[in-house]
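The first chain written gets the first letter, and so on, giving A, B and C; residue counts start at 1 in each chain.
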Amino acid sequence: MALDAQGAGPDTPVFDYAPAPESRAVARLQSSYGLFIGGTFVESIDGSTFKTVSPSSEEVLAEVTAAGPLDVAGAVAAARAAFEGPWGAMPGRERAKYLYRIARLIQERSRELAVVETLDNGKPIRESRDVDVPLAAAHFFYHAGWADKLDYAGFGPSPRALGVAGQVIPWNFPLLMAAWKLAPALATGNTCVLKPAETTPLSALVLAEILQQAELPDGVVNILTGDGTTGAALVAHDGVDKVAFTGSTDVGRRIAESVAGTRKHLSLELGGKAANIVFADAALDQAVEGIVNGIFFNQGHVCCAGSRLLVEESVAATVVAMLKRRLGTLRLGDPMDKNTDIGAINSAEQLGRIVELADAGEDEGAERWSPPCTLPEKGWWFPPTVFTDVSPAHRIAREEIFGPVLSVLTFRTPDEAVEKANNTTYGLSAGVWTEKGSRILAMASRLRAGVVWANTFNRFDPASPFGGFKESGFGREGGRQGLGAYLDV
Amino acid sequence: MQTVGDLGVRVAPLDDVVASAYRGAAPGDVSSLISSQDRLARFLAGLPGVDQVGCEQRAAALATRSIKTTAKLTAIELAISMIDLTTLEGADTHGKVRTLCAKARRPEPTDDAVPPVAAVCVYPDLVATAREALAGSGVAVASVATAFPSGRASLTVKLADVRDAVSAGADEVDMVIDRGAFLQGDVGRVVEEIVAVKEACAGAHLKVILETGELATYDNVRRAAWLAMLGGADFVKTSTGKVTPASTVPVALVLLEAVRDFSSVTGRSVGVKVAGGIRTSKDAIRYLVAVNETVGPEWLVASRFRLGASSLLNDLLRQRRKQLTGQYAGSDDVSVE
Amino acid sequence: MSEPRLEVKKTSKLFIGGAFPRSESGRSYVVSSAAGEFLCNAAWASRKDVRDAVVAARGAQPRWSAATAYNRGQVLYRVAELLEARRAQFVHEVRAAEGATARSAAAQVDAAIDRWVWYAGWSDKLAQVAGSSNPVAGPYFNFSVPEPTGVIGIVAPTDSALLGLVSVVAPVLAAGNTLVVLADERRPIPAVSLTEVLATSDVPAGVLNLLTGPADELVPVLAGHRDVDGLDLAGAEPALAATAEATGATNIKRISRLVPQGHDWRRDPGTSRLLRFVETKTVWHPIGS
């Protein structure tokens, strides 16, 4: 019979996906970049330069400027002049049109932005193309519409802008975080000085060009590249009315200390150690997808990553087995390849931290597992890793790893799940998987986290407020609530 | 190159642990399970649910796989070898079937590298014609039966239909399940019919068409797939092609998960056939990606995966030429049957 | 002619977990009227009293935050009823504390009672006004609700012993938080009387805890306590407030900064204090069949 003749045999063709690299020509990188102050790219007054490299190849992509204190002062002065000048006086409906323009320009240059982001950050092109860039545009679109409707935002009549916002953003979603910061600040009538992360300055510099193309008035947005000292100088500058920071809880703490006793408003979006809770009655195949998306999206460089899997004991073995099988299909490698699922770790420093914590997990007695996978020779890489037999006291169950490392713990009852999920100093996000509706609502109300994803994970939308409870920070980004972070309310 | 992973850690055997999710489906237990309507209904209701949004998202993510160059050529040739080249029209004639069979044997007469398709699929009264036209080719003859496509006939009539097809030389029988019975909860009756048809097949391979478009939910698709496999199906098949929606990638995902889990639990490998609305190479390749990443490359063979289609073959041939020559093929570059 | 009668003086105590302890320290300090007359010896709360008060507030948190908003509103409204019943006492105490005229003191007490009523009514409106259903671009039902931050330390205003106190305390209670309140050091008596009202109301023990004593000693302890989630520095001196805010950074405390002296507490407060100690929780769920 024909069927028997066609069974799997040594001659069966193997369906290997051929390399499908995105072209990098579209990136149009310059060899060096200045600072974006007062609407133009300028030379630094007292800064220095540093090189930004591609985490997947260690290749130098460009030389960028580390802004010094005088540069910071210049940028803040430019922002102040714009606030007291054209921007502050502009009606909301006109501000709105600038935001719409920016949104459109991001869409028009989306391919370029995606390539630049992937080169500089190391994340898979699939993610920068399908997540980062479209969401960044969406944030400008959403907030554009608010600019002339602030009277209806629920903060009372005629809410006032704060003034000059100093905004410091992380390297995990460089363009998207810039959009999360700039869009609400501009919609509410503030002017901005934005400091992108040291290791990922390039997409913000492309964004600066976009702001020029949008003819945004000079000084409304200023972009200062640099390291932590630039960020500290910005946060500490007297001319700043509002500080917005996304990054680690440690740095957030220092920023909160530094603005104490000043007039500066503050919002912080900090670390997390989210529990992703899977009940026995969950839709297991989708739960496994949610677990994978929760911790391996963006190499786990996600503050709201579902880094602690809490699985009901009766299905723990099944879920772990399904998870391991699924991880076998993840493709790690060249971030520019359209089929890559796991890209490079953003920096040697971050890789060091992941290695240290993963080693600690092993030392403390948890069982470590990774799917067979080949790591490229150049660049910084870490394989998807799952720890089972994790105790709540282990460092890998308590500290934010910010890498592709999942800790699996078990529970027996909903109460135990809530107790373990909440047993962290963080409170950014949580996941719940069950087909029982009433349990979802009960869990959602008992979890101390700013975002609860039920039967899904790592979904973002400009209309949906995002931000933490507890030491994950305060203030919201997105939604009507997010406007409050940039208004005097 | 640094290779990491699987650091010698003992993982519990997959079969055991997955079986624990499907309690009551221990291999030796199948006959007693399907002989009790109550137990069977409870078992099916106890299968994990399928979240519609999550399932469709996974399918959409798989659709972003970029299959280029050599991988595309491999995929195209693989897809050709998995086609059940189908004609199921009231206007079918012996001549039409013979033409189709010629195409099935040598889809690309000028290039021997192109494999024959897996099977030709016709109505029972045309099986003998197809049998004759395909003699010695290795291409199987598949016949729809059991009052295809609605299945609205007595079991006696359905079985007669099957026997007719098998005696005319069908290697494979594509039956339809009684969707009405399934939707009204009469799962015992559905499985009894499958068992009876399987017996009537007398060794011919049985593909069980679920008509997923009429089952409406993915939960139902998963349950119906298990029901079919418990009844002895060699393949579970999405659609008759006569109902919209026919096959979709999310539906295929649910079926692939079902055969994967069934194989883990029982050790028996069941194939999946997607049918209806699959017209382009791009569509076909999306299914192959779903197979590859859901149940694994072991299912990327014609004995475990089939594409029921008619116009798809020509698109695959055109795309293959494009891959080889770099130029897009014209519509008259391939034969029209 | 009636016999002269010796007045029975009230001992001023702390209010912790629904009980009225003296300070654990055994110390007290003299509280004088605006005119300089001796009013009472107030309890001098210690670091350990702060600790006990935080434990009580944390213990009361689950029940108070889980109570239905409707129930919280009713319980708070009942407090206003009791305040009204003691109106004369509060007028007397505010007069003595602030040296106000009878009319001004009465106006302040009336405003304080009315404000309490106002916030009581907010309890079951807050989620409707501050919450939202969010139209995300995808097949998800997405909604945001405000939830109480948790245990909040409040440094009461020092320029308005009752109206100022009510203005900072009531909104934070209405939102479902539990409190450790540090009374105005120099004029604690209206605050102490408020706790006596709370003790006879339906407000569960531990929901509001009151300490009297020196701010420069107690505020740093509150600010450094890792089980305090938020800190309202309304009545703190600038230097003390700045230090407390910096200390509060250790556990990312939500900070409400000091209110400059001379603030007109009679002004319409809007919703800003209601929203100050709430956390927005956003829940996503797929929509499918």
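In the analysis below, a residue touches a chain if its C-beta (ideal position, glycine included) is under 8 Å from a C-beta of that chain, and two chains touch if they have at least 3 such contacts.
Keep in mind that what you see is a predicted model, and the values were worked out from it rather than measured.
J.: Higher C-beta contact count, A-B or B-C?
T.: A-B
J.: What chain is most central when centres are computed from CA atoms?
T.: Looking at where each chain's C-alpha mean falls, the closest to the middle is A.
J.: If I average the CA coordinates per chain, which chain comes out farthest from chain C?
T.: Max centre-to-centre separation from chain C belongs to B.
J.: Taking each chain's centre as the mean of its CA atoms, how far is chain A from chain C in angstrom?
T.: 37
J.: How many angstrom lie between the centres of chain A and chain B, each centre taken as the mean Cα position?
T.: That gives a centre separation of 41 Å.
J.: Could you work out how far the Cα centre of chain B sits from that of chain C, in whole Å?
T.: 68
J.: Residues touching two or more other chains, restricted to chain B: which are they?
T.: 51, 53-54
J.: Would you please write down the residue numbers of chain A that are in contact with two or more other chains?
T.: 455-456, in rising order.
J.: Of all residues in chain C, which are in touch with two or more distinct other chains?
T.: Only 138, 140, 286 qualify.
J.: What does chain B use to touch chain A in their complex?
T.: 1-7, 9, 11-12, 14, 17-18, 20-21, 48-51, 53-55, 57-58, 64-72, 74-75, 77-78, 81, 118-119, 138-140, 171-172, 205, 257, 288, 292-293, 297-298, 300-304
J.: Residues of chain A touching chain B in their complex?
T.: 1-8, 12-20, 126, 130, 281-286, 289-290, 315, 317-318, 320-322, 324-325, 329, 338-339, 367-377, 383, 435, 455-456
J.: Quick one: which bits of chain A touch chain C in the complex? Just the residue numbers, please.
T.: Counting only chain A, the residues touching chain C are 138, 154-156, 249, 252-254, 256-257, 259-261, 268, 270, 425, 440, 444, 449-456, 459, 461, 463-467, 469-474, 476, 479-481, 484, 489.
J.: Flag every residue of chain C that touches chain B in the complex, lowest number first.
T.: 138-140, 286-289
J.: Name, in rising order, each residue of chain C that touches chain A in their complex.
T.: That would be residues 129-130, 132, 134-138, 140, 142, 144, 149, 229, 238-239, 241-246, 248-252, 254-255, 270-272, 275, 279-286 of chain C.
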